[in-house]
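Read from first to last, the chains carry the letters A, B, C, D, E and F; within each, the first residue is number 1.
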């Protein structure tokens, strides 16, 4: 069974028309999006067709992150918008319960305490979601959100551990004028990994499970820098310090990388038991690769072709690791 | 001959005591650092010893970037500090002209026009420097510097082309509370590459030479993402767009990566003719690697051991590419 | 012939889905909305049906103002969004040239010079638009836009006079937390009238034509206050000052008021030759009035029932004043 | 008996010289204004003469609102200034207890909790004041004061209900550069009415009495807009929602409008039992109306001339409504 | 003849009532203060009586500085207020031309170019004023005004030299919460002296005449500190540098010090040819000194009692220095 | 015995190189300065030689104030830097316990509560320090620190009284662009004195001992101004108010003035029992005075030459007052 641990909701225009209205009226009109059952079914069916074409059995669906707008004001617009996304995912999962599982978003706003997301987090549990998408840069490139290692996030980590839900780290929009949102994804994933490792989070929450998007940003590639750093006496390190390559394996990583050399580097540095198959398809990788004739994000054949992986390692990457990180998936096992 | 294209000044405490005084007095005391010839000779000799131990013939010395403080105020402190660094490099090069060449910094301050650096740039030429270190984030993590693709930088690019000096892209301090300066290096290199490629810089300045530090940040590792992006119709791309792997080769990259897999990925994605041997030694990589017994930044043997490189490619990495990017090196050829 | 001088575009969801995308991606994706001809035709036909039901022959269509977002950042998102609106209006007018005429918006952004709108203004002329919607509060309740009497606006007034286009004053969104956008409309119309009268605009641009929305905000109702003010020696007035009731007639006003007493007060204070029939239908007034069984914004019968108006005055309100203010309407006269 | 529910203190220059000193010295000099008994008696007598000339028996005197300066800094200047105003009113009332009653101000400062006004509120009760003037825009056009429907104001409402004192809503200065303070009065009254009706204030404080100045700003004139809004399903309304015309009658309004058509509209839309005679005389309306030969603010004859009012309605407007809203007036009844 | 070079206008309350109105209405009412001839004559006569009591023949009258409000906003209020002060001084001088001469203020506002004061400066010349009061801290303790040595002030210095008018340096209000305005006077005078001496002002404007209030703030007392500083090699000084005691004599100082030891220190450090008799009487020094029975600011007898001064030096202090600094005084010589 | 109550640490460059590193890396490297015993001994010995040359027996050593950087960010850099200073002082005192005693600094940061300094204060007690240096302007010229009379400081005063430690008031850096740090010293000392006297500090903490640097800034020189102020009825004073000359004697003052006239004025106005001998040597006063051939800061002979002092008064100034203010000195009495 092939589980794609990183995919986003495919929804009709009416969801986004609601979004535009909400941003324009500042929440004055109220209400919820008007998404007809037919339109939703058509969108979901299209996505299933895409999955079939590349051999994906089950997708973990989360909201399109760059639409989340955690930095937009007034903050009261955030809650209805996040709920609308989660509700639309829930409806999509209900249409194809063996093909989709939900990873929800939370109404976390820049400069607000994370407890603002608790009510929705509890609702996600009730709706059967298997994980939570967390944007580590709530200011979306326009301010200074405490990094994920900061105690600012502790109440959320505590609640996630209580509800046994993993985090999918994925940044959202970026309005800094220096990076596109897509470029900012990579920046924020790198910061998330490094800031959490500089902090006490994994000591304080040993059972917290965290999946980093897009192969960990820059970190596996820059691993030599951080290995040296950890052992460098001038930087507070030393021979008895935990090796960075060990620390790094506190995380899981998805395989949204689109290039064989990068996938190989990731698998070799963090280990096959720490990588989850993920494609973000359909998404920004869904352009045809002239070299292969397949879309860049059609990476199942690439991984299947890696000789250095054992069959068990491949099974881990394609399915078992996902089941470890997202135990709620057992409710969706009809798909296997 | 082995040229290390990325190394920083080793200077006596008195240089940094001057720095502390300058930051404290806001420029009121005036003057220059009091660095005795003896102290300077001792520091330089120590560095030569380090070079000999790893087989480096010639180092390109630039100021320690995280000390540059382009965001600190009042801005009038920047000029004497940058001059003090460049002067100390010039004195060091004069002591060992066959072992060192200078790459200078400019007094570019956040929110000031880049023309503020022209006088010092001209002075660098007079002093025989072979390149210029440019910090792409003048706000050092506390604001929004126009990315290197922005027209803000054009007067500087124009002047550099006129004087035939290459840019060494290297960020400086980071005071955002989200990243250490070392982590910020990687972020800023990635932004530099992507922002310049989204811009018209290389069309407008076809002869501009740019070397990106630390193996290009995240970009070679994330190459699949940007390859797809360039060809994706929904993002303004298409089959006739320039391939990202082609675009990427408009830059040069140094090899400050410290890990064999990363070095291999870099060399295979950008090509051996675009990589300059660089170690940043002595620096944050100068901690012993328990797996090899050598320091992490002692990567000459690693590159020498790469079977996939031809002898000519190795020669390019170790010497020829540096001579292409930094033509001023011919004045230092006694070292060969 | 009944001309409704104040109505807004009825468009398919896909226009607003484009808007949501633009706000989310900060302009990175580029492109234009994907509005199919069928969807557009269906929306337009629905509006024609509404018009027929209340006896409107021709509507002046402008973008829905509260969606314009002149205060949103980055400002580069404004231009594609405004163009998308104007283009959709142009397509709608092209479908029913005898039933619709276009009043376009401009990409004027808070804290930017008004010349930013000139290119689009010229394009509007080319597309056959008959007027321009101007939002007098570009900060949308979050800052201090120079009032319409300020010289900030002069370059725009000059261009409008040159192109013989009238202004329809209509504010856009409001994010102040003190008012809804709908309440802010009234505030801004009042400020527009009073600030322009305190200024030299009508002396400097005697041929500028300005239509104030929603019956002039508060001004006709508060007329006594301003009449006294104009003549009060302690406020710089005096018996020789221009009477306020005279000054007020430099403007035109639309009849979007929905209540008979208010319509009567408007007509009696500013004169029937200064009022244009307008309903903003379908819009916020399209709720059934329990007292009449008709929608609140179905005010044609109310005006027809005013005994104090002569037939000529009624003709002026329903058609002739619109032709005076918007001379471009003669291109749409097939509808009569 | 004719009670003018909206009039302001007429005071000697020495009160305002104290004000200027306070603003200049930031509170350093301390002390209180030096207003001689003679000067005060002369000012009060002048005002009585004005009242006699237009037939007013009793005036409710409050401080001149635009002098209050709730946004000025340092905030410690506010308390002595407000006390000086209230004290001067108390002295004036003591001189003519049958002709004047006091409506006091509170030292409420922008960005400070409303409890800052409690000590003065209690003192007002001790001094026999019959109401409290409340400025709903403490930032005076330069910031965002929570609207009167916000819980920010609840402690004050609670205290007012406890002490059985009504609110006279009247904004103060305006330094936004977009409106004069006089224009801002109208804006703020409209916001006050609409924001309170959008909130739960009248549910939470059913016995709170609120008089809106200047005929309710724009609201009675724009009533059709808000009637439709309340019933519009797209805006959260519906046929069972409370009708806006009913909601509006939760307030009282004064008649400071100066124009017969406006007065008629007010009386017809909110009802004669909700309108208090008020003239703000002497004030900005005290300029001669060329059409009548009387001052604009001499509106007693206008109201007396309204045929559509019964004698009882007229008595309500001129006296009874004031006694309902300001029950403390029974202490001043010698004037009847 | 005794000339008091530092005294301020004594004006009726009506001047300050105008000020309060202006601050409250933001300039909306317009107009000028209503100061009756009788009230003005009474105020002026009172001041003459005070002068006679202490033996002053002629006073240089400037506006009360702490009322000037150069930091208050909107800045357009500044011009009418400064003009009102200057006009009132001019009327007072006209009443007693042999007892008073005028030193005017300029409408210089924080963050505005100094050219904003040129029109009034020219008017002062026309009105016969003999000097100009300059507040060196236009932000009045709430921001960073360029110090008097900065080129910001050069256009003003140029104009003053052209018109042959001296500067009386005197700060105005202070709203920093750390100092009263009176304490701030001392701070600002010290900054003025030291910043001008660190600059090139006296080189660039050799004929500029500057009188520092209140005995030079702290500078004469701290003279040893600055003498050492000027000669200290570590601070850019040296044996050939101009001695500070020489530099200090580029200024004139008034004698507003109220204590014999301080007066003596001033006279001995700067020299009797650089001190102008000044008392600021009536002012903050007009409290009875229990030790002498005279007011603190009655310092004529103190200076007359200084044995270390020659008769010629006393004459310089009491009259001649004033005539040197303020040559326009010759128009007022009837008083001698 | 001659005790110099105001002197600063003389330290090797390595202390300041650590400082520069800390400011550059934002605290990332961690660690402490690397100051060798030899280098420290050499620096200390040099200072002892200086002391011997001018006849000083014992110096109270505090950190060089302008290096403290209480306004620099991130604030976490403050603690290691202050500790490094205090530690270096402790090592220096340990080398020469009969020649030095320590006055420590606290890690008080702008906009942070003063309790941030308690841990270090307790450590200072443990290390045997005899006093605490307090910078009254934590914003260092870039913001508004509550003045020393404000309750903000009360927790610190309370702790100091508990530990029986006196305060040495001495400001630190100044980055306002209007003053050098040295000029700012004088400004801040004046503010400290005047603000504390306007407050209730000495009533609330009657046993708090406070020494003001540099002869009290401007205050003794301007004493007449404040004497009048205290007694002036218009400023809240009166004949029964405490005389300012009495109030002023609640403080102690050091003699860092460098000029005989200033020293005399200080001693005569505050009394010899309130002045502590202090020279700040070696420091900014260590330049040769051409008039005497001795350094400006060699003021022992000046004070010894004052005839108006009795022998007992001289003894008080040179030793006894220091022992009163700093009782911890009895642990250092081997020096006598």
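To be clear about the criterion, a residue touches a chain if its C-beta (ideal position, glycine included) is under 8 Å from a C-beta of that chain, and two chains touch if they have at least 3 such contacts.
By chain, UniProt protein names: A, B, C, D, E, F = Amidohydrolase.
Bear in mind that the values here come from a model prediction, so they are computed numbers and not experimental data.
Between chain C (Amidohydrolase) and chain F (Amidohydrolase), the least number of touch steps comes to 2.
For the pair chain D (Amidohydrolase) and chain F (Amidohydrolase), chains touching both partners: A, E. Chain centres here are C-alpha means, and the one lying farthest from chain A (Amidohydrolase) is E. Work out the mean CA point of chain B (Amidohydrolase) and of chain E (Amidohydrolase), and you get 56 Å between them. Centre-to-centre separation of chain D (Amidohydrolase) and chain E (Amidohydrolase), using mean CA positions: 45 Å.
Chain A (Amidohydrolase) has residues 28, 177, 180, 182, 234-235 in contact with two or more other chains. Every pair of chains in contact is given here: A-B, A-C, A-D, A-F, B-C, B-E, B-F, C-D, C-E, D-E, D-F, E-F.
Residue ranges of chain C (Amidohydrolase) in contact with chain D (Amidohydrolase), taken from their complex: 144-147, 176-180, 182-183, 186-187, 190-191, 194-195, 198, 214-215, 217-218, 220-225, 227-229, 231-235, 237, 239, 243, 256-259, 261-262, 264-265, 268-269, 284-290, 295-297. By the touch criterion stated above, chain F (Amidohydrolase) contacts chain D (Amidohydrolase) in their complex at residues 234-236. Of all residues in chain A (Amidohydrolase), only 12-17, 19-21, 23-26, 28, 64, 66-67, 69, 72-74, 173-175, 177, 180-182 touch chain C (Amidohydrolase) in the complex they form. Of all the residues in chain D (Amidohydrolase), the ones that touch chain F (Amidohydrolase) in their complex are 28-31.
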